[in-house]
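Shared between the two complexes below is subunit A, which pairs with subunit B and subunit C, respectively.
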Partner chain A sequence: MEFRDQAVPPGINSCALLITTICYLIVMLSVSPTGISMLILFSIFPIITAPICGESYLKIMLRSLWVLPFILFIGIFNPIFDKEAFLKIGELDISRGWVTFASVIIRGLLGMQAILILISNDGFLGLCNSLRRLKVPDLLITQLQFVFRYLLVMMEELQNMRRARDARSYGRDTYPLKVWGNMMGQLFIRTVDRSQRIHAAMISRGFSGTIPTYNNYSFGWSYKNTLYVCSWIAVFLILRLINIPYYISLVTASHIL
Partner chain B sequence: MSHHYIQFSNVCYAYPNGVEALHDVSFRISHGEKVALLGPNGAGKSTLILHTNGLLLPTSGEVNVGDIPVEKKTLPLIRQSVGLVFQNSDDQLFMPTVEEDVAFGPLNMKLPEREVEHRIDMALKAVGCQDLRKRAPSQLSGGQRRRVSIATVLSMEPSVLVLDEPSSNLDWKSREDLIRIISSFTHTCLIASHDVDLVKRVCQRSIVLKDGRIIADRPTDEIFTDQDLMRELGLIS
Partner chain C sequence: MHLADALISTPVALVGGAISAALLGVAGVKVKKKDNSGLIPLMGVMGAFIFAAQMVNFAIPGTGSSGHIVGGILLAAILGPWAAFLTLTSVLIIQCLIFADGGLLALGCNILNMAVMTTLVAYPLVFKPLEGTKLSFPRLIAASVAASVVGLELGAFAVSTETVISGVTALPYKTFLTLMLSIHLAIGICEGVATAAILSFIAKNRPEIIYKKNHTRSIRRLKSIIIGFAIATVIIGGGIAFLASSNPDGLEWSIQQITGSTELSESVSSLASGCGEVQGNTAILPDYENSLSGIIGSIMVLVFVWALTALFIKPKKSSQ
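Let's turn to the complex of A and B:
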């Protein structure tokens, strides 16, 4: 995970970005399950915030597709169980289930994009620092940090095992289930082993249950942060409370007529 | 009260699975001494090293760091006094940046931020890694990682430094740099190593372990001229 010396955008600290993201998620997730056009307007937040934070939106969008299988799994049963006709496009009847399925996908991707921007801004540990400053209990933050840390450890171990296997596979791509089973077992044992060594290294340097934070950059809250948070909250409320797609359709219809 | 020596008195240790790793181990390392811990794989070197920092506590016998016995209630003090550098730097470096890793110990000691800042500067300077401060450990070379690992314990200003295989997997230049750095320390040092050259250049005294027992504890020059002992250790055929 890339680490940056200071939070971007300049003058806006990670806490402000975290608060904005939390508000975004709450407001965006409160949109009705069939309000797809309203949800699409909420993509304005990641589209604007990504470049401000020095990331390309396309990159963030492509990265968010990693979670698509999980989102599909969550929503896939909607079209099966909810077959009530909801809208008609030409001759095609679309059930409420398909609409809510699309809504789940949009929500999932937008939520993931907002979180990716937040993490890319200050790293996962930076995010944990922000949570700590917002007075989230230490125990919860330490758990989050450990989950993140040991996930990386597991990935490293998996990479080492894959390398060792590939080095002796003579170009073979597929393996019987038994090999995968053995690898999973080995991965678990190696990860636990490695975790114990890292834990020993932490304890030997005085770790007593809370990962301490060290930041030598200013984390002060300025009027810019207040302005940033308030502006975005106003935008979210406008998007949520005013039915903009309806007015757009009215304007479009009057032009056509 | 001096914390600068380590004393093992009749230390025995058995792992929970019953394997006896240390048998009646006794020695004393005086203030400022640099001592090598030699022995074949499985001799008990790592087990002994873990006792110096209280990561393992003896089944019987006693370990003292200065006047402080190593026991549960003294562990915070012991861990401040004994800096332990692990064999694998990847296990030692677990924070996202070098400076955060070096700050980890001092912050756990609840030092004020200004003092932590000073300790980071001092430790990174001692190992010649000031320019790596903002880098992620994963972006460092093997030699740099090893030096930063040492900095992570130096920042706690320990009285005793314990290094487990400090020169393993290092190229010639990194190894030379490391030997120069370790030689410059005035700390009491215990170094577990298979690197004969490093031991000869850095340590005046060597302790030889085999099957969890001390079989020799003499000046390094004497150890390496003892043909029978070298043969027993498998260093010559």
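Let's turn to the complex of A and C:
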């Protein structure tokens, strides 16, 4: 889980990065499932943005591997069902299924890298500020901030209950449904009581419907941010609309292979 | 059930996002109308509660395996459908951004598949009528299991349809659907029993939390939800039909050009190629030749860019 130091300004204005990331995903995911070369070129965005946001690309790439099990499950059927020859490497024919399988993996990794960079730039709370600036309803943002703040508190409370149960269960580490139901019910009742205490505390401090924020880094918007967003969109469109892999293949075929 | 960005195409993601955003807007208005500021902290802490509850797996009787809850029906039974929808949406957003579960562009579809199907469809249409107005444990268990199964099956149906329309998988629609529905039937039953276990505990100790709503009002609300969904179905169905029939003469051509295969099952090919066409038309050179030299060249360009950024841009700060 990311807990960014709120005193450090983000590498890129998080509003600008959020808009750029969404545009990136829209353009990148519109690439045809067989366009591996084009998809590979789309990793220029995470490669350049990651160090600006304070993370090395290698670290982001390794963390994005987390998404693999989910996409492998669906993607692995492509080579099984789609055996039409598509690509020739020397004497070896590669079927269309393997090509689309590779493209699913690349799309998954790039999508995940974009999210990881977005969150490492300004942290979750910074991102909430950007969403507020982009006119996302206050109720949803307040809700997101609440869940985020109480996540650790609730997990800690559950860990205490779990430890107490484990200490009395003589090595049995499974939770029969009845025990589990009672534990969760107990936790739920504590949760409701806690929410009533929080509500009383909020009312006594003049809660007016939104949680105030102290991090103002996300709020300044200058011409540099507009330039940043526009230039990336231009790059994405060039990568998508001009057949760069074809020209690269001409160069590599004549000079290297 | 979380869809990754890899498994979805741009048009499908945008349609899913638009529907979810519209429903979120409605939910915001509905929850604010209640004028109950105590609901906001309860929703927030309940979202965190769902995360905590997912950390402890319960044993599934007779199988030796274990599972955890998703929590849609549980939230709806306690908070009401719209507040539960908002809470589950916030859980899904945090799962996407912090726990890397599901894609950012696929978020709209994930909200539709998991939050809408359980809190706005299964809860009012299945749980509410079965639950009754007075506390009855058999009814509570039946309602929880039935609503969880319906919610998860609808979600699984939506996931399969969205993935196949996106044209990402070569898996025939019928096989994919059968696989997803059978897996989620089992998951739905476990989810239902687990939800019933928690709700029974709450009903025993704090019955007022579950049985405080006025039944006649909920029936009126039910009607408006059914009408809303009928309209949504017409819009979604109409949109898909429009995509599928936008160029019927070129259908076979587009299947061969875009997918390179005519072996897809008939029911799917019309949908998938319709979306594929939209995707293909946005590019000047959509079906360029894929060659080994192109792939190697692209990788070399990337390594070069990476080396360049490593030389000139040093990560200045690290996250804590």
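Observations, loosely collected:
Heads up, the rule we're going with is that the second predicted complex is superposed on the first by the 158 of 257 C-alpha atoms of A that agree within 3 Å, B and C clash if a C-alpha of one lies under 4 Å from a C-alpha of the other, contacts with A are read in each partner's own complex, and residues count from 1 in each chain.
Just so it is clear, contacts are C-beta pairs under 8 Å (C-beta built on N, C-alpha and C of every residue); 3 or more make two chains touch, one makes a residue touch a chain.
As the structure is a prediction and not an experimental result, all values here were calculated from the model.
In the superposed model, A:194 makes contact with both subunit B and subunit C. Touch criterion met: A:63 reaches subunit C, while subunit B stays clear of it. Judged by the touch definition given at the top, the superposed model places A:238 against neither subunit B nor subunit C.
When the two structures are aligned on the shared chain, A:227 is found in touch with neither subunit B nor subunit C.
In the superposition on chain A, A:86 makes contact with subunit C only, not with subunit B. In the superposed three-chain model, the partner touching more residues of subunit A is C, compared with the other of subunit B and subunit C.
Of the two partner chains placed by superposition, A:164 touches none, neither subunit B nor subunit C.
Of the two partner chains placed around the shared chain by superposition, subunit B is the only one that A:125 touches, whereas subunit C remains out of contact.
Within the superposed three-chain model, A:204 lies in touch with subunit B and out of touch with subunit C [touch as defined at top].
On subunit A, the surface touched by subunit B in one complex and the surface touched by subunit C in the other have residues 1-3, 5, 123, 149, 194, 198, 202-203, 207 in common. Interface residues of subunit C, counted against subunit A in their complex, comprise 2, 4-10, 13-14, 24-25, 28, 31-32, 37-38, 40-49, 51-53, 55-61, 66, 86-87, 89-91, 93-94, 96-100, 103-106, 163, 167-172, 176, 193-194, 196-198, 200-202, 205-206, 209, 258, 260-261, 263, 276, 279-280, 282-302, 305-306, 309-310, 313-320. Of all the residues in subunit A, the ones that touch subunit B in their complex are 1-3, 5, 123, 125, 149, 156, 194, 197-198, 200-208, 212-214, 216. Of all residues in subunit B, those touching subunit A in their complex are 50, 53, 55, 76, 79-80, 84, 86, 88, 90-92, 94-97, 99-100, 103-105, 107-109, 113, 116-117, 134, 136, 152-153, 156.
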